[in-house]
Amino acid sequence: MKRVTMLTVIGLIWATGSLASDVMRMAVTTSFHNSGLAEVLLPELRKDLDLEVQLLVVGTGQALKLGEAGDVDAILVHSKTAEEAFVESGYGTHRRQIMYNDFVFIGPSTDPAGLSDMETAVQSLQNIAEAEATFVSRGDDSGTHKKELSLWEDANLDPGSFDRWYNAVGAGMGAALNTASAMDAYILSDRASWLNFGNKGDLALLFSGDPVLFNQYAFLPVNPARHDHVKADLTDKLEDWLTSDRAKELIDSHTIDGETLFVFNAQPAD
Amino acid sequence: MVELWDGLAQAFWLVVTADSELVEIALRSLQVTLTALLVACLIAMPLAALLAVSRFRLRRVVIATLNALMGLPPVVVGLIVYVILSRSGPLGVLALLFTPTAMIIAQVIIVVPLIASIAHQSLRDLWQEYHDLLISMNVTQTQKMQTLLWDARRALLTATLAGFGRAIGEVGAIMIVGGNIDNATRVLTTAIALETGKGEFALALALGFVLIALTLLVNLCIHWLGKTEREGRW
Amino acid sequence: MTLDGRGVCVIIGPNGSGKTSFLRLLHGTARLHSGSILWSCSTEEARRRQSFVFQHPVMLRRSVLENLLYPMLIRGFRGKAAQAQAEAWAERTGLQDTLQRPASVLSGGEQQKLAIARALVTKPDVVFLDEPCASLDGRATREIETILTEIKAQGTGLVLSTHDMGQARRLAETAVFLLRGRVHETGNAAAFFNRPKTKAAQAFLNGDIVE
């Protein structure tokens, strides 16, 4: 009897399996994943295309590396210069815009650097540097991190010269927000990650709306000429779906606490 | 403190309602760990037995190396396996990266030195006891190993449980080689890391309590199986 | 020197004279640095047809029955025949009531009897015994000597070492006297005990300390 029970349990443990007939892998950024949009889109993909998309949630830097190595079939990231370089070097076939959201500045509700009175993102950063207010940076070569660095550059400031108030944590959006919450610090975040974040503590959204904080997401299929195992037919199907009206409907209507996160802006393919 | 209670409550709720996601990742945790454990034992125990009964010049060096490998940082093992299994790596054609198989491979590498070292200690002690007798009986090398492995099975069970504990709690290596893909390579430990990163502490704790309970359960089961096979014989 | 493969040959000598080493050399578990040991058959076959009983019995961590089955198991004999053989020997050595018990819980005397039974279960032609009764009391010693006499009567050769002179006189047919690692004297037991040829042997038999 004991033997039978054990064998049944062992059998159950190993009886797992995937059900969709087509499977592909895509690297996406932590910002995208934290928005919860994947939970909306993936089941629809299964239904509409019988396609299972396995998501690897990593920073933009690692996503691009995965694409270069051919370990994924496509990537969805938000760092235009890096994306263009990716296509330029022949790792990706092309870049297709899908949607955008925006970055926001989060910080302690007391706002010691006075961000809520500022007009531009650059001014906000200058205030933070002057006040030497505690700041948490992604520090992980992600799209968000690259955006942050470009803003510091626009403000004529060099993060390399900052004192201990500037903390580069080398982590994903959620983890960085955790740290900022614990330290009561300022941080640049994408709106979706912030809205979906479960540990806000004493932090609040202090600045947003500057057009320079506009954050474009693009889909890049990995080049099958470089890696012939890449599932080009599936990436084509996925791209068509992501730029279709169906996707537009799902993306534009996805909200957290009543706020829309993304704006669909894919153009028809030419 | 509130989070601990929240975590416990959530854990209870998830288990009682047999939450489908929880069941899926818990089963996958067991699947990966138990498979890795089985493969690791099949490699480590005969190896330990061979080392116990053999006499060759480099024996001490091999044993010292095995002991040292116990201290191998798991995340580094994960990284090396990743680089090897990546499509751009030497074994890329096997398409194993980001699959449960890759996770099993990484865990086997991490756990074999542990099991082999512990097993070797006990087998060596037993060999000191049996040495004169078995040599006098003209037993073959294989028979020596078989006899030691069978008679030391209690101690080998301890080695196995040590390996299980190490494997089920592993997160760094399997995160790297598995990619923590939802519905494909996510297990309890990587899910905990994920939820913690999202600031969802209560859920992360809940998963943690489930992991602890699962580990204890498996340990108890293995003990139970072991004892009732041979009552009072050990 | 030549030893007869039948009968009882007793190796005696003071402590440290090399009795254990001598037995091991004959059995083949100690390495020869010079000289050779020849059997009337090939050395390989000779190894298969002998057994060794240690001064302190080495028990396998198994039951009494499994200990008895082990030598047959490693030669590929299993099943009912092997079981019957094991039980027969347990009977002859008075261990039939302990078959299912772990060998480790037996008394010293019982363990040694088990070791002897185990050594005999493969029907060897020669059994080497290294001071088999050294750690046993009078009664256990008596029981073992009875068993040894019986098997000798059935044709199994015995080569045993002992420091018990009484035992040596009771059992020996051939005697080998060792002193300081050399064979000092050897010959028919009766002749040796009554009229030893060397002074050292005489002194030893008198109970004087001989180094």
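The chains carry the letters A, B and C, assigned in the order they are written, with residues numbered from 1 in each.
The definition used in the following text is that a contact is a pair of C-beta atoms (placed from the backbone, for glycine too) under 8 Å apart; a residue touches a chain by one contact, two chains touch by 3 or more.
Since we're looking at a predicted model, the values are computed, not measured.
> What's the chain with its C-alpha centre farthest out from subunit B?
Farthest from subunit B by mean C-alpha position: C.
> Could you say which chain's mean Cα position falls nearest to the mean Cα position of the entire protein shown?
Located nearest the centre of all protein C-alpha atoms is chain B.
> What whole-Å value do you get for the distance between subunit B and subunit C if each is reduced to the mean of its CA atoms?
47
> Measuring centre to centre with CA averages, how many angstrom lie between subunit A and subunit B?
One centre to the other, that is 34 Å.
> I'd like the Å distance between the centres of subunit A and subunit C, where a centre is the mean of that chain's Cα atoms.
81
> Can you check the complex and tell me which residues of subunit B touch subunit C?
126, 129-130, 132-133, 135-140, 143, 147, 151, 233
> Which residues of subunit A touch subunit B in the complex?
Contact set of subunit A toward subunit B: 2, 6, 10, 12-14, 16, 18, 25, 30, 34, 52, 54-57, 68-71, 171-172, 174-175, 177-178, 181, 196-200, 227, 229.
> Which stretch or stretches of subunit C touch subunit B in the complex?
Answer in residue numbers: 27, 29, 47-48, 51-52, 54, 58, 60-63, 70-71, 74, 102.
> Quick one: which bits of subunit B touch subunit A in the complex? Just the residue numbers, please.
By the definition above, subunit B touches subunit A via 24, 27-28, 30-31, 34-35, 86-89, 92, 95, 97-98, 179-184, 196-201, 221, 225, 228.
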